[in-house]
Amino acid sequence: MALLQIEHLHKRFGALAATDNLSLQINQGELHALIGPNGAGKTTLISLLSGSLQPDSGLIKFHGRNFLQVPETIRPRLGLVRSFQITSVFPEFSALENVTLVLQSQQGHSFRFWKVARNDFELRSKAKEYLKQVGLDRESEIPAYALAHGQQRQLELAMALALEPKLLLLDEPMAGMGPEESLKVVELLQQLKGKITMLLIEHDMDAVFSVADRVSVLVYGHVIATGTPSEIRENKEVCSAYLGEHEIPVAN
Amino acid sequence: MKKLLQTLLGTLVLGLGLANAGFTQEPVKIGMVTTLSTGGGYLGQDVRDGFLLAVEEEDGKLGGVPVEVLVEDDGRNPVNGRQIVKRFLDRDRISILTGVIFSNISPVVAPMALKDGIFYISPNSAPSTFAGKECHENYFVVSWQNDTLHEAAGMGATELGYKKALLLAPNYQAGKDALAGFKRFFKGEVIDEIYVKLGQNDYAAEIARIRAAKPEMVFQFLPGGMGINFLKQYSQAGLMKDSAMVVSGFSADIKILNAIGDAGSGIISTSQWNHDLDNAANQQFLLGFRSKFEREPTLYASQGYDTAKLIASALKATGGKVLEDKAGFREALKTAKFASVRGNFRFASNQHPIHDLYIREVVKKNGQMQNRILRKVATDHQDAYVQECGLR
Amino acid sequence: MILLIEQLLNGLQFGVFLFLVSAGLTLIFGIMGVINLAHGSLYMVGAYATAIGMQWTGSFWWGLLMALPAAAFTGWLVELVIIRQLYRRDHLDQVLATFGLILFLNELTTICFGRAPLFLSLPETLSISVEILPGLLYPLYRLLIIGTGLLLAFFLYLLISHTRAGMLLRAGTTHREMVEALGVNLTLLNTGLFVLGALLAGFAGALAGPLISVEVGMGENVLILCFVCIVIGGLGSIRGALFGALLIGMVDTLGRAFLASGLRLILPLDFADSIGAALSSMSVYLLMALVLIFRPQGILPVLGRVR
Amino acid sequence: MMVSENFEARLMLGVGILLIGFPWFADWLDEPYLVSTASRIWIYALAAMSLNLLVGFAGLVSFGHSAYVGVGAYVVGILAWHQYEETNFLGLPGTLEGFISIPFAMIVSGIVALGIGALCLRTRGIYFIMITLAFAQMLFYFFVSLEQYGGDDGLMMMDGRNKIPGLDLGEDRQMYWLSLVALGLATWFLRRLSMSRFGMVLHALRQNETRLKAIGVPPYPYMLVAFVIAGALAGLSGALLTNHMEFVSPDFLHWTRSGDLLIMVILGGIGTWTGPILGAIVFLLLEEFLPLLFQEIGLYLFSEHWRLVFGPLLIGIVLFAKGGLHALVFKQMKGVDGAFAN
């Protein structure tokens, strides 16, 4: 069953067609990876899905509902959540405050002017659980700007998870991480698999081919192939268009 | 650079003068809050210099009584003005407050002084409220009531036989008061009134309207730089020969004439004072001012000088008692026994001047633009608000 | 009809004049990202230099010629000492530092030249009016301003769209890092640009001298209006500045010319005059607010701008 | 971060309580006029504090904040004028009662801020700076043309300051205490506000607006509410200013006043608690006493032309003193933490 359906999506920036007649379907519960060379339009697609960009034409359906008219700030509440390629947290807040803010936004509006927010212990303990889930529980009081790069990426993930997504758009969650940290994230993705539907953009092919249920290949703004990791690995068109002479990784 | 040195020396001389003053008797403290910075700064400068000239003539005394004059700049900002006066009253314990130039400062500081029980003597600004309903026994004006020179312009225009006038002023209170004052005494027809934005620079649009309306004369009250800009552009547009220009003295002081040059030729203006008034006090004033400051005094300088002379006469009468003998000092001020540079001078019951008014014409003499008195348009003129005042 | 044409010419003249000051402001903002509140002071320097030059030589033309090096030199000095430190700062710092600069320059001018406005007259040959249409006399000097202004606008257009420096300027507005990566000496380019802006502002000041009073504080009056022009036109764009300046010139002039008399048709006389004057003094700000609400990037913004 | 902020709060409370005694101190110095100077400082500090809510917390640089100060000031002035003239304003009588006119001033300023903010907040960055300036200029010219209420000359409170039961505002000390208490209450309120859920959103907004949207929080309504709160507090400061001066004029709304408020915030330290107060103190003391200082030490040129020193001083602070006076004062006290007292 399709959770997200994208049909004939177009987006141009001047002369450049960043998204060109793109159609894609993501099924309930799967971990769908999106790969493609730099400039293929992966981040543009994420922005179109999250609502920070408006497409020129085409259709986005989420849960069978037309999503084009849904404002950017409403989409997360309906379960469509993104993480950012370039780390995007609230740098002056502590890790805990970052996640607490997300949880606070989950509980409806924030027009509460008097009660001190950090004394809301229920919210805080819930936030701590998310930090624990990504392995940041010991860093919870450190301001985000003082965290190591990998830790900031983990925080980013915790914030996305705290939004209780139905579909999680992950824009290169392992970018700039060391091998050890990457491994942690892969483990986390394995854990989440099946519970949350995910669209993963990642350059680390080892990771992609080890965790993904299905893979789509994006070139020049449209999808040239979709299939299981093994189908993609054997696809001639993909080999010539994208993978080129590179060796295709073998799944372990 | 010369200016720079002058400023330096000027202030030094002032400092020494004050230091000398304190020997024999505790000096009478006079607070002068005036406008020295911003575009209107030269008004305050002239009031101050005129006043200090009179003090210097007596070597730091007025009427034989040593005085200490505290001068501060309000920057034309009522908030600053208030702070300065507060300091004058609480710390310096002044007996007389003077110096205020602009009508947005006087309503703030005058009540403070009056409430405190000291004397307020205005060398320039005189809004109508204080001439009428709000007049006060310790409030004196040496210059004129704000409307006076505009009223004189109305009389002058009538006397010169103009029938069709167009009026121009900024869209604010003083501008509207000016036009009202003119209309009070003008017997001809007012064909149009134009209000402009306060601080406007370019008058092309208004000048085009004037050209189209073809008035016999234009009366305008555009203070400071606004008036200079307007006059220059008016003359460049070649309108001076079609429609005469009648203004109140503020718009044709010597500074403004210097700034507009030949464009000023033929402007008719009104004043209670001019340099060619032939009386001994005026001769002495002109001689002293020119030699000390090496420039021509404006009417503001004459008002500053008159203010000091009035205070001198009262100090002399009471032997230097001001707050110790308020009634005596007040009476002495009221009789105004001093030789004003404008000649004929006495106080009306609201303690604003009764004096003569003149119309003047701008002419070029020895390569310099200057005002020449045409004729007297009013003798013993007093303001329109005196009836509303409860003082007798 | 004649009146309308005359008022349109007045609007055009005012607009062209505003453009001269705005051009530098918008370029400096566009490429350096600096809001320079002290730009009006450069205009003041131009006017003062002309007045002083005229007092020395007795000729308006020499005065005019003196304005250019004076403004350029002041501009260079200001860029070197202050503006250069502000490139990477946020707008708030820029606003405050240049605000401080205004205080300083104004006070310095007061000390050097006094508070009384300076006298600056037109040469005889220019202080006449010419009949451009039957019955329409128009001051020659104002025509001259229109002509020079439009000519300068054209030169600026050529400079920016047809020279290498202009190309770098355009590229720098949108892709600063790229230009830097090409090994272009951006510091030199910035200084050059700043001096160019100062020259234009100084020239405008010189032109304005004979029309308006040369006094301390004259810069701030024109500055705020110029900001309105460039914001309406689209920040960083010369075309936008020209468009904005002409629009403001027209709106302001026509508002003053016809608003009050128009309102008299529907309102009682006194009331119409007050409302008319109030509305016409608010009109340009009203226009700016409207433009920003409906087209926040201005009417003719720089295309493809990333900042 | 928490510990040091609490320390700062306790320090402020302590100093605030000490300041209640300032009038007696001024008496002891035999300089009673200082009480009036100090009242003015607290009133401006309140305005700077409200501006700091926008600039320092929400990251919105408003260049037209004096407009709301001016509106509040005019409400008090106009009500007092109608009381004096015994006329009606829109069918309502004027009043001199402080507990009516001061809250009313806050409400009107808040409403004006709501209208202007609703439009301005559609823009960001430099455009926001400019559009707030544009609206402030409109209001400035509006009050200049408001002939009935004195136009450019402004409006006096003929019957003196507002009446508040149990207080005699005509007495400078009581005016001082009212100003100090108003500042204290506003600071306390803003502090609570900043720590509430609403405050968290504002802080987040300044740091990363894109991210805030991505977690499902629409920034606009929060910014608007902050704008209204800041406007209402500015209105309170305006209402007090009219009372202090017994006078109001369009000069209160001039664009350079907005600049002054911004300078106070920056000078003191943007986004800090003591910053705007320190900024107001230093700015106003410099403005008032720099000319006197130069006179005392014999530099007469500078005493008349003190801006010649003040201008470069301002530039120097912007260029070299990051974090303003707050950083200067608290860095030593707090060590490393102080650099991050947001």
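Remarks
Per-chain residue numbering starts at 1, and chain names A, B, C and D are given in the order in which the chains are listed.
Please note the rule applied: contacts are C-beta pairs under 8 Å (C-beta built on N, C-alpha and C of every residue); 3 or more make two chains touch, one makes a residue touch a chain.
If you're wondering where the values come from, they're calculated on a predicted model, not measured in any experiment.
Core chain by CA centroid proximity to the global CA centroid: D. Chain C and chain D, compared by their mean Cα positions, are separated by 32 Å.
Averaged Cα coordinates give chain A a centre that lies 44 Å from the centre of chain D. Rounded to a whole number, the gap between the C-alpha centres of chain A and chain C is 49 angstrom.
The distance from the centre of chain B to the centre of chain C, with each centre set as the mean of the Cα atoms, comes to 35 Å.
The set of chain C residues touching two or more other chains comprises 110-111, 274, 277-278, 281. Chain A has no residue in contact with two or more other chains.
Across the assembly, chain B contributes 4, 7, 36-37, 171, 197-198 as residues in contact with two or more other chains. Contacts between chains, counted with the stated touch criterion, involve the pairs A-D, B-C, B-D, C-D. Residues 55, 61, 63, 119-120, 122-127, 129-131, 133-135, 137-138, 141-142, 144-145, 147, 255, 259, 262-263, 266, 270, 301, 305, 307-308, 310-315, 318-319 of chain D touch chain C in their complex.
Against chain B, the residues of chain C that register as touching in their complex are 2-3, 6-7, 10-11, 13-14, 17, 110-119, 121-122, 127-129, 137, 139, 141-142, 208, 210-218, 221-222, 253-254, 256-257, 260, 273-274, 276-278, 280-281. Those residues of chain A that touch chain D in the complex are listed here as 50, 52, 71-77, 81-82, 84, 88-94, 97, 100-102, 104-106, 110-118, 143, 159, 163. Against chain C, in their complex, chain B makes its touches with residues 1, 3-4, 7, 36-39, 41-42, 45, 171, 193-199, 201-202, 204-206, 208-209, 211-212, 225, 228-229, 232-233, 235-238, 255-256, 258-263.
If you check the complex, the residues on chain D that touch chain B are 31-33, 36-37, 40, 141, 144-145, 147, 150-154, 156, 158, 245-247, 249, 251-252, 287-288, 291, 300-301, 303-304, 307.
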